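Below you'll find the structures, each written out as structure tokens.
Shared between the two complexes below is subunit A, which pairs with subunit B and subunit C, respectively.
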Partner chain A sequence: MADNTNSNEKQLYYRKKHKEEMKHHILTFAMMIAFTLIAFGLVIAEVSALFTIPIILVLAAVQVLFQLYYFMHMNQEGHEMPALMIYSGIFAALLTVLALATIVWW
Partner chain B sequence: MADDMLKSDNLPQNPERASLEGRNKFMGFWFFLGGETVLFASLFGTYLALRNSPAEGPTASEIFGLELVFIMTIVLLTSSLTSVYAMYHMKNGDFKKMQLWLGITVALGFTFLGFEIYEFYHYVHGYHFGYTTSAFSSAFYTLVGFHGGHVAFGLAWIISLMIRNAKRGINLYNAPKFYIASLYWHFIDVVWVFIFTVVYLMGKVG
Partner chain C sequence: MSATARKAGFGAALWDYLTTVDHKKIGILYLVAGIFFFILGGLEAMLIRIQLISPNNEFISAQFYNEVLTMHGTTMIFLAAMPLIFALMNAVVPLQIGARDVAFPFVNSLGFWLFFFGGVMLNVSWFVTGAPDAGWTAYAPLSIFSEGHGVDFYAIGLQISGFGTLMGGINFIVTVVNMRAPGMTYMRMPLFTWTAFIASVLILFAFPALTVGLFMLTFDRLFGANFFDPAMGGNAIIWEHLFWIFGHPEVYILILPAFGVFSEVIPTFAKKRLFGYSSMVFATVLIAFLGFMVWAHHMFTVGLGPIANSIFAVATMAIAVPTGIKIFNWLFTLWGGSIRLTSPMVFALGFIPTFTIGGMTGVMLASAAADFQYHDSYFVVAHFHYVIVGGVVLGLFAGIIYWWPKMFGTMLNEKLNHWFFWLFFIGFHLTFFIQHFLGLMGMPRRYWKFLPDQGLDLFNLISTIGAFFMAVGTIVFLYNVIITQVKGVKVSGDPWDARTLEWAIPSPPPFYNFKQEPLVRGLDPLWIEKTEGNGKIQPATPLGDIHMPNNSFVPFMMSLGLFIAGFGVMFQGTYWVLAVIGFGITAGSMLYRSFKDDLGYHVHKEDLEDEKGDGSNG
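After this line comes the complex of A and B, so read on.
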């Protein structure tokens, strides 16, 4: 019986913790919507390309980091290996884009 | 004891990583996502190199309509949130609510796919913008179509999981499966963020 009470308390604690996490997720979602609106807004308002392109690329990168760290839980413990994998992937991806966009198809 | 652990009202924290099999899936899947990143990078790089080669065909700023892309972006972004909700209920051991939110995610995924098919149909029939029209069109359809293929695969995956486990409830055996499918779904949204930015928005800006 004592054991049972203990596990109930634990469960309540975790439920509370999950709720807290869910709040962060909703905040993340609101931010991602905001970033999307800004990016589309800049393009629709026809702000100069030299200004718009870097800004929308940065907005995309930030939005992806939100997605990785909050929606895909990389901010939780035990994600050292996923971080290694995905950052290696991003590193190779940057080299690939750089090479293809600049030299290979030239 | 072992039996108890498998029941949904008595799951450990992070049920997706509580078993060795789950941990292996988790690790292997992130490894796969690293590889997928590079795969999509090669398609993005090709698109960036060829996007200004429309030959005789239409150019990017002529055909892209931002209204549809905006709706598709919001739909996919929302489906990412609903799959977070599904994982939230999984961690609380609430199988029915998890299935409900996965169902909503799937519905949004089909909506997105429907819009994309309409978009491609519109390009081909309204603008004579086919796969072989120009280097730009080939690069465009390969990149965006590959993403659409990922959406279709993700939908098939999530639906199969929902049907196969409909009578099982959540246990340590299937929790990693659901968790990994939801990671895949988020990754699809990650790729889309770059597609709407690099392909559509940059295409409009010029």
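After this line comes the complex of A and C, so read on.
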């Protein structure tokens, strides 16, 4: 039927899109496992703490971003407001920690 | 009988308010509770002023003075100003954006009852071992070593009401982001909605600092923690930081919605659109942004060092810029307008110079070096009363009078409103203008007594006389409220000839607000329809079934549970049983809520067609 062609096209488009998303999911999932292994590996191998701690923190931050953007769909449209709120919250929290670190604890 | 009109007896009406999830009724609950606590805080203020009417006065004891002073500040900020802000937000924001309710009606009700029980908890302290006595800021280590249970009541009471406020803030963020009517873009939102939105964002980011601080205080006092005890390796300054990281955004949470009220009142009664709408929005956001990096200006004398003091001083002075933008925009809105001196407008006109004075003393206090002279003197007391009373309270009363017809369908007596304004306004300046000079002459704040013949006697007497004027003004307002509601003369949906969406529906609005979703064609949508259309808002959707939430008693029970548990945690020993019962009630209510599928109900299209009128101007 005539209108079925249209929905077939749509279906094909979505199938392609979902396939791509699946690829991203698996890729980020694999990377997150790798990151975790690296983090544990660094500790087990007793690499200097001065090196290990920043690396683990960076890996953690990247994993959080993977989680938010790929698994919680912040990379899709319509998530501008949540993103704005999250970043404003991070900004307020960072400001607090930075100020306390410099004026109270330093 | 139609599906939407019901008459009920007193018991049924009470039950209706205890279980309501309707934003308009929750607004009324906030209003009633807020005015009750405002009167309570006002009585405490009168006790303070009577004590200070003459030197060496023995009207109240030193300990009681400390308690009254602490509770005056705490009550006015947390239990009077905050709920009155939420009263206006609940009553107005959903109507201004063309929504049928807030995003989470159940959470809205929960927010109110948490606030209410927190407030009751704080005031129960009067009857149990005495009220909190460490000042509204509860600085450690004084608050740690304060005897009795006063400060415990402060920590736990504010914790409970703080949960409610946080929920309310989140609710309004989601409402404004998701529930705007077709055509209501962000840059078409009325300024009150904008400021309510930004204030909610501030609540979301600022209240967690208070929550953390109060938990630490609770654990220090009740469970042997030592966060703030230097002798045990704690740090008393951390409390001050946490308190003001919350506390400074808090003053913007209060003042921004008041700015929003004036930004509605002034265009309506100057019959002009708001001058510089987009710069007003920009200034609001900028104030919120800067509001998070100025908290240490409350702590200049703590000894943070010259670099930290300078940074915070500059950031603080920077806030004067967006605030100045707002003041000039209001003045330019008035410029060339056809001004009607209704009572909300008179409040707005009184606000502009008063708040500007408060802003000027604010810049004086912001210069760190000079602040060492002003710190903890009556100069500071005068400053923050100029911004809180001259800004927030005048704004709240302007808003309450302006939206009274929308909330109750009646009109407060204009003559009495003017009497209220002049008594309150003159009394305010008598009370607080002179306190600037008391402060400069060296009178410290929070002191129970002052000595005779130090040049302080006359000014303190004048200040107390001013306080009585304010009290009489407030009594006139309450009298006005009572006679207006007793007479109950109904008014139309748009008694002020106003500009925004809430005035397009009857007063008070039907419980579903808008029969059909309104179509918004620009800023000041009703005014656009009045000047370019037929004076009625056009619907954006055809008439259909309306989905409504069911009433629920669960929020009341959840809050009651925390209220009971608070006493158990505080008194411990055998009282732990109270904590078990209280937390049991709360957890049980939450479980009940989780397992019960409450999908609400529908108002059917056929019943809506039976309703009189078309849902537009009554």
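The working rule: the second predicted complex is superposed on the first by the 91 of 106 C-alpha atoms of A that agree within 3 Å, B and C clash if a C-alpha of one lies under 4 Å from a C-alpha of the other, contacts with A are read in each partner's own complex, and residues count from 1 in each chain.
Basically, contacts are C-beta pairs under 8 Å (C-beta built on N, C-alpha and C of every residue); 3 or more make two chains touch, one makes a residue touch a chain.
The structure displayed is predicted, hence computed values, not measured ones.
Q: Looking at the overlay, what does A:104 touch: subunit B (first), subunit C (second), both, or neither?
A: Both: A:104 reaches subunit B and subunit C.
Q: Contacts for A:96 in the overlay, against subunit B (first) and subunit C (second): which applies, first, second, both or neither?
A: A:96 contacts both subunit B and subunit C.
Q: Please indicate which partner A:63 is in contact with in the superposed arrangement: first for subunit B, second for subunit C, both, or neither.
A: first
Q: Is A:53 touching the first partner subunit B, the second partner subunit C, both, or neither of them?
A: In the superposition, A:53 contacts subunit B only.
Q: On the superposed three-chain arrangement, identify whether subunit B or subunit C touches more subunit A residues.
A: B
Q: Applying the document's definition of touch, where does A:81 land relative to subunit B and subunit C: first, second, both, or neither?
A: It touches subunit B and subunit C both.
Q: Could you tell me which stretches of subunit A are touched by subunit B in one complex and by subunit C in the other?
A: After superposing on chain A, subunit A residues 81, 85, 88-89, 92, 96, 99-100, 102, 104 contact both subunit B and subunit C.
Q: Enumerate the contact residues on subunit A facing subunit B in the complex.
A: Checking each residue of subunit A against subunit B gives 7, 14-15, 18, 21-22, 25-26, 29, 32-33, 36, 39-40, 43-44, 49, 52-53, 56-57, 59-60, 63-64, 67-68, 71-72, 78, 81-82, 85-86, 88-90, 92-94, 96-102, 104-106.
Q: Hey, which residues of subunit B end up touching subunit A in the complex?
A: 10, 13-14, 17, 26-27, 30-31, 33-38, 40-42, 44-46, 48-50, 66, 70, 73-74, 77, 80-81, 84-85, 88, 91-92, 183, 186-187, 189-190, 193-194, 196-198, 201-202, 204-206
Q: Note which residues of subunit C are touching subunit A in the complex, please.
A: Result: residues 173, 177, 201, 204-206, 209, 235, 237-238, 241, 245, 292-293, 296, 304-305, 308 of subunit C touch subunit A.
Q: Touching subunit C in the complex: which residues of subunit A?
A: Those residues of subunit A that touch subunit C are 81, 85, 88-89, 91-92, 95-96, 99-100, 102-104.
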